[in-house]
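These are the structures in question, set out in turn.
Look at the two complexes coming up: chain A is in both, with chain B in one and chain C in the other.
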Partner chain A sequence: MNGVMNGVMNGVTEHSISTRSLTKTYRGAPALAGVDLDIGVGITGLLGPNGAGKTTFLRIVATALAPSSGSVRLMGLDPGSADARPEIRRRLGYVPQELGLYDNFTAFDFVDYVAILKEHTDRRARHDEVRRVLGEVDLGDVRRKKIRRLSGGMKRRVTLAQALLGDPRLLVLDEPTVGLDPEQRLRFRQVISRQAEDRCVVLSTHMTEDVEALCDRVIVLEQGAITFDGAPVALAGLAAGRVWIDDRPDPTAIVSWRTGDGRHRMVGDPPADAELLSPTVQDGYLVLSGLHDEVAA
Partner chain B sequence: MTWHVDDAAARRYSAGTLDDIGCASVEAHLERCDRCRALVAGAATDVDLALLASVWADIDDELDGPRPGWIESMLHRIGVDEATARIVAATRRARWGYLVAVAASVALAVLAWHADDEPGLLVIFMIVAPIGPLIATAGSFSWADPVIGIIRATPYSALRILLLRTAAAVVPAVALTLLAVPWLLDDGWVAIGWLLPSLALVSCALALSSWIPLERAVVALLVVWVIGVVIAQQRIDAADVRTVADVADFTESAGTVLQVVSLVAIAVAAAIIVVRRTAYEYREV
Partner chain C sequence: MSSVELALGRVEGGRLVRNPLVWLGFGVSALWLREALLNDDAEDRSAYLIGYSLVVPGFFMLCHAALAVLRGRMTGAEELFATVPVTRDRRTVGHGVSTLAAAVTVVCCLAIALVRWIPSWVVLLVFPVLLVLQFTLLGLWYGTVTGWFEWVGSLPTGVVQDGWYGTCSDEPPAYCDLVVSGFERTTPWWHAAYLVALAVWLVTIAVLRHRRDRAAGTAFGGAGAVVVALAVAQQLVLERYSPMVGR
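For the complex of A and B:
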């Protein structure tokens, strides 16, 4: 046990997540194909299409799934070790993709239930911790309400509250903003960014705006492999000189759409006299996936 | 318009000279008004403010805390600790599973009662009896628990949760049937002949769920059991048995084999669960 504790204590220089040649196959089909990653303190966003391996990767780093091969170290510890695994799980918060809650519980009861599973045995101390995390996600006032009476955004924040129990060093959030309206998404971002001061937050999302607003690092996964790893600005930079606006759509563009002012915004290879625009993360992502499609073709 | 306790009422309340109706009004108001609590506390000369704060914190904590449902309360009463009782009673779907298992046991008792006069019903009883606990097991965890994704990332043993909920599903169903069926049926041994096969099916489902999802394991075993019973039924027909006594004879000879096979299956399943205990905690699927 001492070895386990020392591994964590000495883990100052170690990455929160470290994977080497990480693979996962389902019935022979690869979901992750040899992923090498080191992730430390801060917010890291995973982008990628459905089936790219984001959820599989997050389930593995949340210890909810064992890899098929390769190594994974979490806070310096091996989740494959029966001795180290409980210690990792005590220091880990996980919000799975599916919004699994007991609707007949109150918000307090639900988080209290997860606190029991996280080995908070002293009733009074546990209740204090439950009140703390519900306060962190701004749900203190509705803690005695049944979950079925809460809005979608509040339910999402209940799942985030349970992940914050015990002040975890590693937060794994699988599409935490899906299904939220713009205001709820902003509140959610606010809460997540508050958590990232001194811990590792890894989140997957379909929303490039989330990455732009929250993350200091973005990793793009496609077909189980990393196709980009860098700052959101660098991902946006992939589209530098490749985003333009014109009065007519250009059929050679990767994508084009009519904007509110009736002009057409396009991403791709612009003509020589094009009116160029500053690229966004979304543009960079489109260029990246467009490039891959071209290579695949 | 918001009503608050005035200074005079606070003084009289603290001194114990306020009439009963006044006291009731003040107390009802203090439950939700911090300002007036402070006022009344300030009006009192012999109140331990630290104690008062601690009492209010305790009341607040009690109001926050979960209200145990009937299953959880019952488990508390028989000495089960808070965490275990909560885990057993948490999912509504599992609770339905337990209820279905118990209801099925009662129905089976009635079926067995009538089976005394009808050999065909006795065979149906033998087919159906072991299935209740198996289905209740399927409803206790895995797909039936919406929080399974979160549970798998907590340090609490998933195998322990699985075993606790299985026990909660199986024990009442088995106990009820054990109590009722021998009393209703002349030949008690025939009536409880299903018990070991039933426990064997549940054990095998738990063991198989270290490789495949629990619900798939349960469905596979249900299919195997029904096919087995249909084959047995065909053999009964071929043996031209007509009466309860004939069926009992058949059950006695074939049943001995079944009981031994069941015991072996339980032992093997238990060994698999022990050997593969890590697979429940760190899933490969």
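For the complex of A and C:
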């Protein structure tokens, strides 16, 4: 590897991910339509409905998928180049949407196997690294248990552990909190926030609470295009003055639901005398989706 | 081959060695051979020694190798493995290396056999290794559990008798194809070379699946030519075999 490449790879560049006019089509159907993004250090959340292009974007960023057109730079390198791709992958951690674990391996053996595939060949050093990452996700005590005997949350953490191997500069997490109970989600947030201090973390999720709690930045994708890019508080701000509560549901609201105290929380255009509430990221997302739908209609 | 492939081979080989079914298979094989060696009837003895005894452990090894090769696809782990620096080609080599421990054992047995002039049936121990290697590579190539049968299914049915090896007719008078004369008390080198060349050719097929450049194409063509040449060579030296009366 040349010196220039070393210079780029040894630290996080200003933009760990940089895409220009990124498109991906599946049999003519666009999954991504000209995405321009620069993502740096910190936690960036991707929100969007199913089929919005989140997983496609993450798979391209994880070098598992090639774009149809446009350019991608990861940590300053071009993943389309066969020479650069291994270098990127050495500095990349990926948690796919499907776990893909080997059930008859122990947690230790599976992470060890992935460590070999990440070119950790010195046995002693590799085993130390495997113990370290399993400790990071609080699985040190169960590392000798077969994966099939672990709970769903533990399995999620095994996939996270393998992603942390080698102290990657770029972490790509596709719906990492699916299936986790509240306590496990809190633990997960703790681990991720620890990791994100000096590296780039990109995660896709349907959990707006995770975005609110974790992310410095949120990007909303709809039909392969970016419809929002900013801070979570700014996304929540889209719903300022548009969230209210009443004893009866309002049919003109974008969405309304009955709360635990029997009243109805609504998002949309409130009546003049409405009792307004502070908006959340979820409210902002709903407003954005509603606006997007109106524009599309 | 780099340390990555060796590390993969060590891990996969370790899992193979820890598989109790493989050892159960070798236990059955040992009992079978013991029975064969105690049998005075030459024909029965040869029947026992023709490698059938290796079918059981060989079968379990094949199953193990099949699952090892296919588990990435079966569990959906390929998406994750597509994002690591070690490519599928190198994993293929790692699976092949996993049979190295068995191969070393075979080479040792062969060396002892040659030194001590033990009849050449010992060389048949190489077959499980080759079968596992071929199955591994073919499993990767075909992506199915059954695709390899037509390629390797006939190998364990070979016969060794009085230092001869071949696929033999059950009907009297027994005769063998693929027999190499002049090696009655040593190993059937031509056939062993043919099997090795076949294994190399299968490696090139597996590599071609992921890498299609001039070097891979040349290796494929060259290995294929060697396989054909050795197959022809076996036919040229073919000699009908009739068991000696009274043995």
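By definition in this document, the second predicted complex is superposed on the first by the 287 of 297 C-alpha atoms of A that agree within 3 Å, B and C clash if a C-alpha of one lies under 4 Å from a C-alpha of the other, contacts with A are read in each partner's own complex, and residues count from 1 in each chain.
Heads up, the rule we're going with is that a residue touches a chain if its C-beta (ideal position, glycine included) is under 8 Å from a C-beta of that chain, and two chains touch if they have at least 3 such contacts.
All values reported here derive from a predicted model rather than from experimental measurement.
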item: Chain C versus chain B on the shared chain A, clash or fit after superposition; value: clash
item: Partner contacting more residues of chain A (chain B vs chain C); value: B
item: Which superposed partner A:144 touches (first chain B, second chain C, both, neither); value: first
item: Contacts of A:117 with chain B and chain C, given as first, second, both or neither; value: both
item: Which superposed partner A:98 touches (first chain B, second chain C, both, neither); value: both
item: Which of chain B and chain C A:90 touches, first, second, both or neither; value: both
item: Touched partner set for A:131, first chain B, second chain C, both or neither; value: first
item: First (chain B), second (chain C), both or neither touched by A:108; value: first
item: Location of chain C clashes with chain B - one stretch out of 41-49, 59-67 or 239-247; value: 59-67
item: Chain B and chain C footprints on chain A, overlapping residues; value: 62-64, 86, 89-90, 92, 94, 96, 98, 100-102, 109, 112-114, 116-119, 121, 123, 159, 162
item: Of chain B, residues touching chain A in the complex; value: 61, 63-66, 82-83, 86-87, 90-92, 145-156, 278, 281-285
item: Interfacial residue positions of chain A with respect to chain B in the complex; value: 26, 62-66, 68, 79-80, 82, 85-87, 89-90, 92, 94-98, 100-102, 104-106, 108-109, 112-114, 116-119, 121, 123-124, 127, 130-131, 143-144, 159, 162, 172
item: Residues on chain A engaged by chain C in the complex (per definition of touch); value: 59, 62-64, 86, 89-90, 92, 94, 96, 98-103, 109, 112-114, 116-119, 121, 123, 126, 159, 162
item: Chain A partner contacts - residues on chain C that touch it in the complex; value: 2-4, 6-8, 11, 71-72, 75-86, 91
